[in-house]
Amino acid sequence: ADPAIIFDLGGKFDKSFNEAAYNGATRWAEETGGTFAEVELQSDAQREQALRRFAESGANPIVMAGFAFGNALGEVAGDYPDTKFAIIDMVVDAPNVRSVVFNEHEGSYLVGYMAAQTSKTNTVGFIGGMDIPLIRKFACGYAQGAKAANPDTTVIANMTGTTGAAWNDPVKGGELTRAQISQGADVVYAAAGGTGLGVLQTAADEGILSIGVDSNQNYLHPGKVLTSMLKRVDNAVYQAMKDGPDMETGFNVMGLANDGVGYAMDENNAELVSDELKATVDAVSEKIVSGEITVHDYMSDESCPALTF
Amino acid sequence: MNELPKWADLFLVPLVGLVMAFALSMLMVLATGNDPMEALSLMITGALGSTYGWGYTLYYATNFIFTGLAVAVAFHASLFNIGGEGQAALGGLGVALICLFFPWPHWTIALVAACGSAALFGALWALIPAYLQAKRGSHIVITTIMFNFIAASLLNYILVNQLRPKGAMDPATAKFPEPTHLPSLGDILGAVGIPFSKGTPANVSLIVALIACVLVYYLIWRTRLGYQIRAFGKSQPAAVYAGINPVRITIICMMISGGLAGLMATNNVMGEAERLILGSVEGAGFIGIAVALMGRSHPVGILFAALLFGALYQGGAELGLWTSIPRELVIVIQALVILFTGALDNMIRSIVARLFFSRKAAEA
Amino acid sequence: MDYLTLLQILDSGLRLATPLLFACLAGLFSERAGIFDIGLEGKMLIAAFFSAATAFSTGSVWLGLLAGIASSMVLAGIHGLASITFRGNQLISGVALNFLASGLTVLIGLSWFKLGGQTPALPREARFNSIDLPFAEALSGVPILGPLYSEVISGHTLLVYVALLCVPATWYILFRTRFGLRLRAVGENPAAVDTAGISVVGLRFAAVAICGVLCGLAGAYLATGLGASFVREMTAGRGFIALAALIFAKWRPWYALYATLLFGLLEAVANRYPSLDLGIVTLPSQFMQALPYILTVVILAGFVGKAIPPRAGGEPYVKER
Amino acid sequence: MSEPAIELQGISKAFGPVQANKDISIRVMPGTIHGIIGENGAGKSTLMSILYGFYKADKGEIFISGKKVAIPDSQAAIAAGIGMVFQHFKLVENFTVLENVVLGAEDGALLGPSLAKARRELTELAAEYELNVDPDALIEEIGVGMQQRVEILKALYRQADILILDEPTGVLTPAEADQLFRILHRLKDEGKTIILITHKLREIMEATDTVSVMRRGEMTATVKTSETSPEQLAELMVGRKVLLRVDKTPAQPGAAVLEVDNLRVVDGAGVERVKGVSLQVRAGEILGIAGVAGNGQSELLEVLGGMRHGTGSVRLNGNELDLTGTKSDARSRRHRGIAHVPEDRQREGLIMDFRAWENVAFGYEDDPLYSRGMLMDHDALREDTAGKIERFDVRPPNAELPAKSFSGGNQQKIVLAREIERNPDLLLVGQPTRGVDIGAIEFIHQRIVELRDAGKAILLVSVELEEILSLSDRIAVIFDGKLMGERLPEETDEKELGLLMAGMTNAPEGTPVAEAVAENLARVDGKAT
């Protein structure tokens, strides 16, 4: 049976999270010549419906990108014991579900480290999408990294909103960026889906640096995006599709160690990141992998040593 | 120009409006490079071609019956309640509080309590605009629009800061406990031996909605209160002459309307999601306007209009799943239906009248 | 809060007030002529889409602006057709057009750009860019006023200044010209206008058309000035806030400026301080978001002055029963 | 002989099923005053509105000074030199006088010069025709008499040669009406042509040169005023010899049913409309309240009927009525035994879209007779309605028709049947025969007298002096919210009542007020022979 993928509300071309998932799926399709079914959600109510439709049509495995599927999948998984599901960013406890979560705090730590090293004002910004523990996890890792690079760094963190609309409000993203710039920030990290596009745009317009998220967003404003915190959703999707109906289920953590997260380097930001900085960051990365540095995960206890929300 | 006979006004005019709305929408489908016939047939089979489709169609229809009745009851008093969205959202809060914080032995009792609470919360959310309209002449359309936004913010606050379980991501309450889960239509029909898809969200609230239709029929057309509501809606000076208190009627009528909108929560919150999610109303409050307009504010008409829109929603969802035609097509169709059966009603009527009388003249 | 922060909030408030101001003045023209318009939101949205889409495709922000205005005027025309020509219910027409815009923008957007309903990000030349007023740099050193000039007044996009100029222009048109006199009259008593030998239909269509132009500007500003692309539902209720501001302003141009500035500032403050600590209480962000709506209800309730709409507002002009 | 200033040929106009004008032709010579009379709904306003381009005729032609013109809108009429003062003024309430005058007649796109010019010309016109108004006053703040001046000024400012006035004196005090006619004569002397619509034969006889009579949408005659008489005109108007007397025996008054003491009513705009009225109505008698419209009689009736709040004391059968509290509404009044035939049956007395049987329950929907448990008993209601339709000779006798499908007179019968058959202790009646034809008038009057003879108290408000005189057992006259005195019908006459209605309690003969009396007499002339 063909695999299927369901994208979350932002749509598969959001240049960020969903696009990463899409890239993973197309990579699989190109490599194997297979085809996959796909759907972009347009409303919350469709989650369960889409899952059921794909399950009934025999798709296997069914991959879904986004924590918001958690509840729906919890409902549906039991009804289709012969279908395998893979969910990204959420843990669903069912025998036929693979739950893929990422150590975003680790990746964020790295880009936070780079931000603080690059900042001339010792002030770096973070703009999150919807204010949920997952995004706080990004922010917390980022702040830890920044403080580790330079203890005097001020981290300004803002969330765009408390609803799903916060993922898709570039205008507000832009305004928040301006506010952070006026508070002295000269590097801003956006973990905000579509909202982040507004952040990156405004940062580029106003002549400061930004950091992208999920996909490699360096190309969006060449020379203006310091780096992107890669969350290899594409790898997770690719892997799930490649594993096919025999996919191993269970809990699947993707971190620095297994290339689940990282930071992006390409020709667009080559000028911005000195070899020296790159070397330091790689060293830090190694230390995290080796356990020498532990990055606190906000979601483990809903608290953050480096940042208050 | 002569007047149309009543049946033509009641059926033909909305039907022509509907056909025009569909025709225009299908042109749009064509313009976006898709095959309208294929789209249409996919929508129809998706919505009505299987018990699975029916399950969703009926689920959506249940929502729209409630909000359609809500708009209609207010229409009868010449009040335009555009606040169904907010009232249904608050109804959801009423349901959530009932389901989360009381130990219910059985779903039947929980449903009764939830109905009461949902209606109460919806009614209270309509109370302030009603009061302001009745006592201070504040235009109810504007206040109810404002109250939709205020409701969204309020619910946002309550869900995010109060009811969201620790560590959860989406702004939603915890899952309601098992005893409050309503039997689905599949369960009910299965119990009497009729095979029906089990995975669909249609549930016992459909019966609540049907009961609401009957009650609203009796309310509007058979009771003194309904008589007074209709009289007030036709002429306010006459109502004062008859001793019908405008303040009282406005408030009571809007509270009934808000209560009906609130009742919708038994379907989407208690019956489907089994938890309260932010934004769970999903525009049903506004669709109620289209449903009431199409159904000519009569419960029977509303029932059919709600079914139609339910099928439209389910059919549209299928389109979104299986073709590159986005589900937003449904919103366009819905917009055109409201436009043609509501705002451009007179245009359709004159077209129909022209056709009608030219036919008659030809026959004679 | 220091002076600089204050200035920055003012600066942001002015930017955010601009689409509200355009839309509010749009509503003002329409409602002063007796046509209620709850479809401001939809007109803004469709203008935002077509301006961004056209600006992207042609690379010209000016063509984008024209397309935005044109699309908004098409919706305005439908509203006019429904409420003036066919004497339909203006509120229902507004509701329908809001839906239409919301559906069409995504439908067309998906079909053209396949970007989940968005348009691609606009390159610099396809956007309105901020312009520095003369001496902004030089004067920024002057205490108090210097930063005010360079931070708040200077450095916005052209449309911000256009919006501000629209306020005195609206006032002048409404109260100092023949057209304005007739427009106000037709919103108060269309029969008076009719018997004075002026076309009620013509006047009302003119008002609705102006409303379309201004909503077009509002939408174009959102997508090509404030933002740099179209995003689905990007108006995010601004049309309704503009409507609220219109009531708040009691249908007067200068008050419209103050009301929209206030609402813009509220948004800026809420951006800056998601929850506002006032010492005694902490206002949650949700409260700040709801504040414009709450204020409008308070005004409508007549607790703070009375907002009397144009007398013939919302009613079709029917001569023969 | 010169060309007629106005010539209409074969004008027809239908509003839906109502044929308001049928094939009407008239000629009006320049420099004359031409009167048009006719009953309510005869089509007078419609005809003139067609001439002014407000309505479009279905058929017919218009000639101005011998030239055929098309008048598709008021712009064309104004261009043709026609000005019209509508029955219901067409002024923008919150504009100033000046702005209203200028509206539509501006010079250039900017307002400033137009206003300045209008201000100058207004001063001149005011001086020339004694039409003094404050150009900067807001319309909503000046009286109706002033508003009418503004309407005339509007027409003159547009240099109208032909001036149409639709029932201009209906809202005027006698003195104001008098002044109006002086102005009209001056305009006529200047060569302007004037068309005057009125119900009042007296005004026709005094002011016009020629007169046309309309009946049921048709033009029944056009005659020289000097060659006709009021009697002939009245006959032409209603279509048959008019004889109107109510047969009734002397009243047998019993105990006081209604006692009103120092009643005051303030309207929504804060104006005191009833200023300390005291009166008494006894069982078995009809108290008639006479007065020019707008002197507080409507408000008086509405307070008693529970449609408004008031202050003072009102007792029914010795029990105090609530005037402001929760029991001050119409329903409580009905429960106490007060029935009310409202002045405006279409706006208040009936729901025009409801069927006849539904209207029979209007105001009485809580009657146990019409109830079955929580629901209304539609069968009982239909049955009751059938009886009422029969007893009150409602035509067509079909209870399923909506109220709007009945003619005015039959609508009034439905209201009367509903109210009278309640057998109330007190019946409030406002304008019972307004717009009702002669046959129905007789019927309605008889029913009211029957109720009186059954020992009920009746308070009658009417602006038709003749109706008051023939129905009432006692007559009170209201002026400016105050009762000017009470008379017995057999001891008074129209002359004296007219004086009282003009606010003169005790005027010797031959005073200037006699003009005011004449005014009221004219009103009487309209109906009686």
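As written, the chain order gives the labels A, B, C and D, with residue 1 at the start of each chain.
The criterion applied here is as follows: a contact is a pair of C-beta atoms (placed from the backbone, for glycine too) under 8 Å apart; a residue touches a chain by one contact, two chains touch by 3 or more.
In this text, all values refer to a predicted model and were calculated from it rather than measured experimentally.
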{"item": "Co-neighbours of subunit B and subunit A - touch as defined", "value": "C"}
{"item": "CA centroid of subunit A to CA centroid of subunit D, Å", "value": "78"}
{"item": "Distance from the mean Cα position of subunit D to that of subunit B, given in whole angstrom", "value": "47"}
{"item": "Subunit A-subunit C separation of Cα centroids, rounded to whole Å", "value": "35"}
{"item": "Length of the line joining the C-alpha centres of subunit B and subunit C, rounded to whole Å", "value": "30"}
{"item": "Overlap residues in subunit B, where contacts from two or more other chains coincide", "value": "156, 160, 326, 328"}
{"item": "Overlap residues in subunit A, where contacts from two or more other chains coincide", "value": "40, 162"}
{"item": "Residue numbers of subunit D (touch at least two other chains)", "value": "16"}
{"item": "Chain pairs that touch, as defined at the top of this document", "value": "A-B, A-C, B-C, B-D, C-D"}
{"item": "Touch list for subunit B against partner subunit C, complex", "value": "28, 32-33, 80, 82, 128, 132, 136-139, 141-143, 145-147, 149-150, 153-154, 156-157, 160-161, 286, 289, 293, 324, 326, 328-336, 338-339, 342-347"}
{"item": "Complex contact set, residues of subunit B against subunit D", "value": "1, 3, 218, 222-224, 227-228, 230-231, 234-235, 237-238, 240-245"}
{"item": "Partner subunit B, residues of subunit A touching it in the complex", "value": "39-40, 42-46, 48-50, 52-53, 56, 67-68, 70-71, 76, 79, 90, 131-134, 162-164, 299, 302"}
{"item": "List of subunit C residues in touch with subunit B within their complex", "value": "38, 78, 81-83, 85-93, 95-100, 102-104, 106-108, 110-111, 117, 237, 240, 243-244, 247, 284, 286-287, 289-290, 293-294, 296-297, 300-302, 309"}
{"item": "Touch list for subunit B against partner subunit A, complex", "value": "52, 56, 156, 160, 166-172, 175, 198-199, 201, 268, 272-273, 275, 277-280, 282, 317, 320-321, 326-328"}
